[in-house]
Amino acid sequence: MKITVWNENRHEKTNPVVAEVYPEGIHGAIAEALAETGHDIKTATLDEPEHGLTEEVLNETDVLFWWGHMAHHEVDDAIVERVHKRVLEGMGLVVLHSGHFSKIFKKLMGTSCDLKWREADEKERLWVVDPSHPIAKGIGEYIELPKEEMYGEHFDIPAPDQLVFVSWFEGGEVFRSGCTYQRGNGKIFYFRPGHETYPTYYNKDVQRVLINAAEWVSPSNRPYPTYGNAKPLEEISKKD
Amino acid sequence: MKITVWNENRHEKTNPVVAEVYPEGIHGAIAEALAETGHDIKTATLDEPEHGLTEEVLNETDVLFWWGHMAHHEVDDAIVERVHKRVLEGMGLVVLHSGHFSKIFKKLMGTSCDLKWREADEKERLWVVDPSHPIAKGIGEYIELPKEEMYGEHFDIPAPDQLVFVSWFEGGEVFRSGCTYQRGNGKIFYFRPGHETYPTYYNKDVQRVLINAAEWVSPSNRPYPTYGNAKPLEEISKKD
Amino acid sequence: MKITVWNENRHEKTNPVVAEVYPEGIHGAIAEALAETGHDIKTATLDEPEHGLTEEVLNETDVLFWWGHMAHHEVDDAIVERVHKRVLEGMGLVVLHSGHFSKIFKKLMGTSCDLKWREADEKERLWVVDPSHPIAKGIGEYIELPKEEMYGEHFDIPAPDQLVFVSWFEGGEVFRSGCTYQRGNGKIFYFRPGHETYPTYYNKDVQRVLINAAEWVSPSNRPYPTYGNAKPLEEISKKD
Amino acid sequence: MKITVWNENRHEKTNPVVAEVYPEGIHGAIAEALAETGHDIKTATLDEPEHGLTEEVLNETDVLFWWGHMAHHEVDDAIVERVHKRVLEGMGLVVLHSGHFSKIFKKLMGTSCDLKWREADEKERLWVVDPSHPIAKGIGEYIELPKEEMYGEHFDIPAPDQLVFVSWFEGGEVFRSGCTYQRGNGKIFYFRPGHETYPTYYNKDVQRVLINAAEWVSPSNRPYPTYGNAKPLEEISKKD
C-alpha cells in the first residue's frame, strides 16, 4: 500500500512550541508511526509545488492522510478537485483533527463541518462505541489523552456511516470522534485528536488507530462505475 | 407551512411535447398537487431575477422543491450557496428526478451524483422497502409508472440515511429512488421519478409521496447551533 | 393518538424513596406529562392481569411507553410476543432507561443490550447530536440533569438508525442516550434517563422529548406487508 | 482463519435434483469454494450431535456460514443461544439465502425476516450499490444468475448497516440482497442467492462474494466489553 501523509506544516515553522513537539513536522511523526506497517510511506506539504499533490503522486497514492488548520484557504481549489476525484475513484482518505475545516472534507461532507472548540489543556477520553469495527482493533475500552484541545457537539457532519469513537471532555462536552464515510469507490475516516501543541501522535493507541484506519480505507482497486446513457439489458415492451 | 416549488422551466418552453404534458409547467403541476394540503404554495423559476430565490423568498420558505435538468450550469453559484445555507439552517429540500445533477444536490451530497439513464418508454415499479417511513404513508407495496426514463445503479450518492423506495426497471436495472438525508438543521428527500415528457406528476401515488415528503422535511424551527470557541461547562483541573 | 404507558410499578411499592418521588408511580408521572398533548393516555402495570396488555388494549394502542427494571423476568413471554408482533405491525414503542434490559427491547434489538452503570448522584448532560430530528424539537443544545444514574458505553445495541442524543457523565463516561430504530411497520425510540430515585420525569426537557417521541413513533396505519408466495408481475421467459 | 460451513443438509438427502446439483452437499460446494483462500475450512450439519456446533467447535470458529431451509425448527434453541453468544463475542456470521428464516438470523435481527418468494426459473441480477465495499471487490457492476428463486420486498429486516447488493428479478421485484450488520463484537453478512435446485454456489462471482464476506466478517479478536457496575474514572462532586 502506498500512503501519502499530507500536512500543512505551518505551525511547525512559526510556533516554537509546535516545533519542539514535532521537530520533523506532524507529517513526519505520522509517517514514522505508519512505517512499522511496512507500507510505502511518503509525505507532502502545502508549500511544495502543487502542495506536493501532483497528478502523479495522487494517482500512485492508495491512502492519503490530511492534517491542516491555519491555511485551509491557501489550498488550491484545483488540487481539492483532484483529491476529491481520486477519493471517488477509490483512494482512501484519513482526515485528522482540524482537517474537519479543510476544503476537501467540507466538499466531501456537504455540510459546514463546524463545531465547538477550546484550548484548555483538558482531558479527553475516546470511548469505543463499535467494538466490532476494524479501526478499533487493539484498542481497549477507551483511549485517554491527558491534554487535548476540546471539540464539542454539535459537529455539523452527515450522520457517519459508522460511528467508532465518542469523546468525553473534562469541560463537559462530547464529540463524535471517529467517523467512517463511504463515497463513490472511496472510503473516508475522520479522527478527532491531534492538536499541534500536544504530543498526541506519539500516543501508541492513537498510532494504532491511524494504522488501522489506513488499512480500513484502503481501496478495492475496482474500475470506476459506468455512468451515462445505458443500453437495456432486457427487452423493453412496445407501448402505445 | 410555506412551500416554494422551484423549476428550471426550460423544457416546457422549447419542447412542445413537454408543453403539452405540463401546460402550467412542472412547477405548476406540483404546486397544484400540493395545494390540497392547505399549505401556502408558491413557485419560482430559473429565469426570474435571482431565479426567484431571493433572500426574502428563501427566508420565508419552509420547504423547497427542486426540479432542474438542462440548465443546471445556469444556476448562479451565489444562489446555490444561499439555498445550501438555508438547508443547514433547517429549510426542507425535496430534490426531484434530474435534480440529482443540480449544483445544490451535488454540493449537499459531496459526490458526483452520477447514474445510468435511458429514455425508452419503459415501466418503472418503485417498491417500498421501509414501510414504517412517513413518506410511504398511504402508498401500497409499490408505485407503478407505465412509462418513465430509466435511472440505474450505481447512483453515486452517500448511502442514504433512510432508504424508502427502490425501483425496478423493465430494462434490467434497479435504483435507490427514495432517499432521505439529514444535514445540519435540515432534512432532504430525493425522489427519482418525473421525466419531463411523461405525466408522472399527475400520478396520485407520486403526488402522495410529494405531500408526505413536504411534511417529513419540514423544519423543526430551532435556533442554529452555537459553534466556535466555547467556555467550559465544568471546571478543568490544573495540569503540569 | 392512543398512548399506553406501561410501568413495572414495583420500586414504587417497595422503596419509600421512590414512592415519595413518584406517588402516582412512574407511569402516573409520564401519563400526566403526556396529557397536555390532548392524546388519549392510559396506563398499564405488571401486576394487572396480562400485565394490563391484553390483545384488546394493544390493538387499540398507537404508542406504547415501557419502563421496567427489577422484574423484567416476570414479564410473560406470551405478552412479549404480543407486543413484538404489534410493533412490527406498526405500533410505536418508546423504551425508557432500565427498559434497555426488558425482554421486548432485547428481542427487538437482537443483542445483549448490556451496558455499564453506577448510582452515584452524578450529573448527566445529554447533547443533541442531530438538531434536524423531530425528537429534539424544542430542546436546546443539551439537557442537563443534576443527578442521575450513569449508563456508560459500550452499550450493546445495533448502531441506531438515527442517533439523537449522546450523554456526558461527570464520572467520565459517554452514552448513546437517544436512539431511533425502524422495525417492520413500527418505529422505536430508546431514551436513557429516568432512574427511579430521581425526579427526572418531572424535568420539562425530558417531558418535551417524551412528547416528541410519541409523535415520532406514531404509526402510519398502513396494511401489514404481503409476504409469502408471490405471483410474477411480469412475464418470465421460458428457459431450457 | 478458521471457517465452519454449516448446512442443514436435508434437501440433498431427499430431493434427487438437489443431490445431483450438490453431490457433496451445499456445505461441500461452499467449503470447496472457500478452500482456495488457504483458510482452515470445516463443515457441520444438522444431523450431527449438537448439529456439529459443540462449544469446542464454535470457540475455535472465526467465521460461520449458515445454510438452512426446511428444518429451521429442528435446530435446538440451546445451540442457537450458543451461536448468538459467539457472534456477540466476535465470531463472524454469513447467512445464506433461505437462512433468512433461521432461528439465529431472526434472533439477531429482531424482526420477522419475512419476504416474498417464487420458484420460477427466473433471472436475477444483483447490482453493486456500494462499490467501495470490500465484499464487492472483484465483482463487476452486477452478478447475473440465469435461474434463481425470487425473493422480493418487503424484506422484514432492520435497515442494513451497509447495503452492498440490490437484486432485480425478471418477474418484477427487487430485493436487498447483500446486507451487513455489526452486533456486539461480531459482524454479519446476509447474502441472498443460493436456492438448492440451482448451481448458484458454483458461480465464480458468488464464490468471490463468499470469500470476500468471510474476510469482512472475520473477528477483531478483542476482549468482550466490560459491562455492569463501574467505578467512576473522574471524581464526582458531592451534592445536596
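Residue numbering begins at 1 within each chain, and the chains themselves are lettered A, B, C and D in the order written.
Rule of thumb we're sticking to: a residue touches a chain if its C-beta (ideal position, glycine included) is under 8 Å from a C-beta of that chain, and two chains touch if they have at least 3 such contacts.
Worth saying up front: this structure is predicted, and the values here are computed from it rather than measured.
Engineer: Shared touching chains for subunit A and subunit C?
Structural biologist: Expected: B, D.
Engineer: Quick one: superpose subunit A on subunit B by CA and send over the rotation angle as a multiple of 5°.
Structural biologist: Value: 180 degrees, nearest 5.
Engineer: If you tally contacting C-beta pairs, which pair wins, A-D or C-D?
Structural biologist: Between the chain pairs A-D and C-D, C-D carries more contacts.
Engineer: From the mean C-alpha coordinate of subunit C to that of subunit D, what's the distance rounded to whole Å?
Structural biologist: 30
Engineer: With chain centres defined as C-alpha means, what is the inter-centre distance between subunit B and subunit D in Å?
Structural biologist: For subunit B versus subunit D, the centre distance works out to 36 Å.
Engineer: When the C-alpha atoms of subunit A and subunit D are each averaged to a single point, how far apart are the two points in Å?
Structural biologist: 32
Engineer: Subunit B: which residues touch two or more other chains?
Structural biologist: 125, 130-131, 141, 152, 154, 159, 161-162, 170, 172-173, 182-184, 225-226, 233-234
Engineer: Could you list, by residue number, the parts of subunit D that touch subunit C in their complex?
Structural biologist: 88, 107-112, 114-118, 120-123, 146-147, 150, 152, 154, 156, 158-159, 161, 170-173, 181-184, 225-234, 236-237, 239
Engineer: Spell out the part of subunit A that touches subunit C in their complex, as residue ranges.
Structural biologist: These residues of subunit A touch subunit C: 125, 127-131, 141, 152-155, 159, 162-163, 166-169, 172-174, 176.
Engineer: Which residues, counting only subunit B, touch subunit C once they are in their complex?
Structural biologist: 90, 125, 130-134, 136-139, 141, 161-162, 170, 182-187, 220-222, 225-226, 233-234
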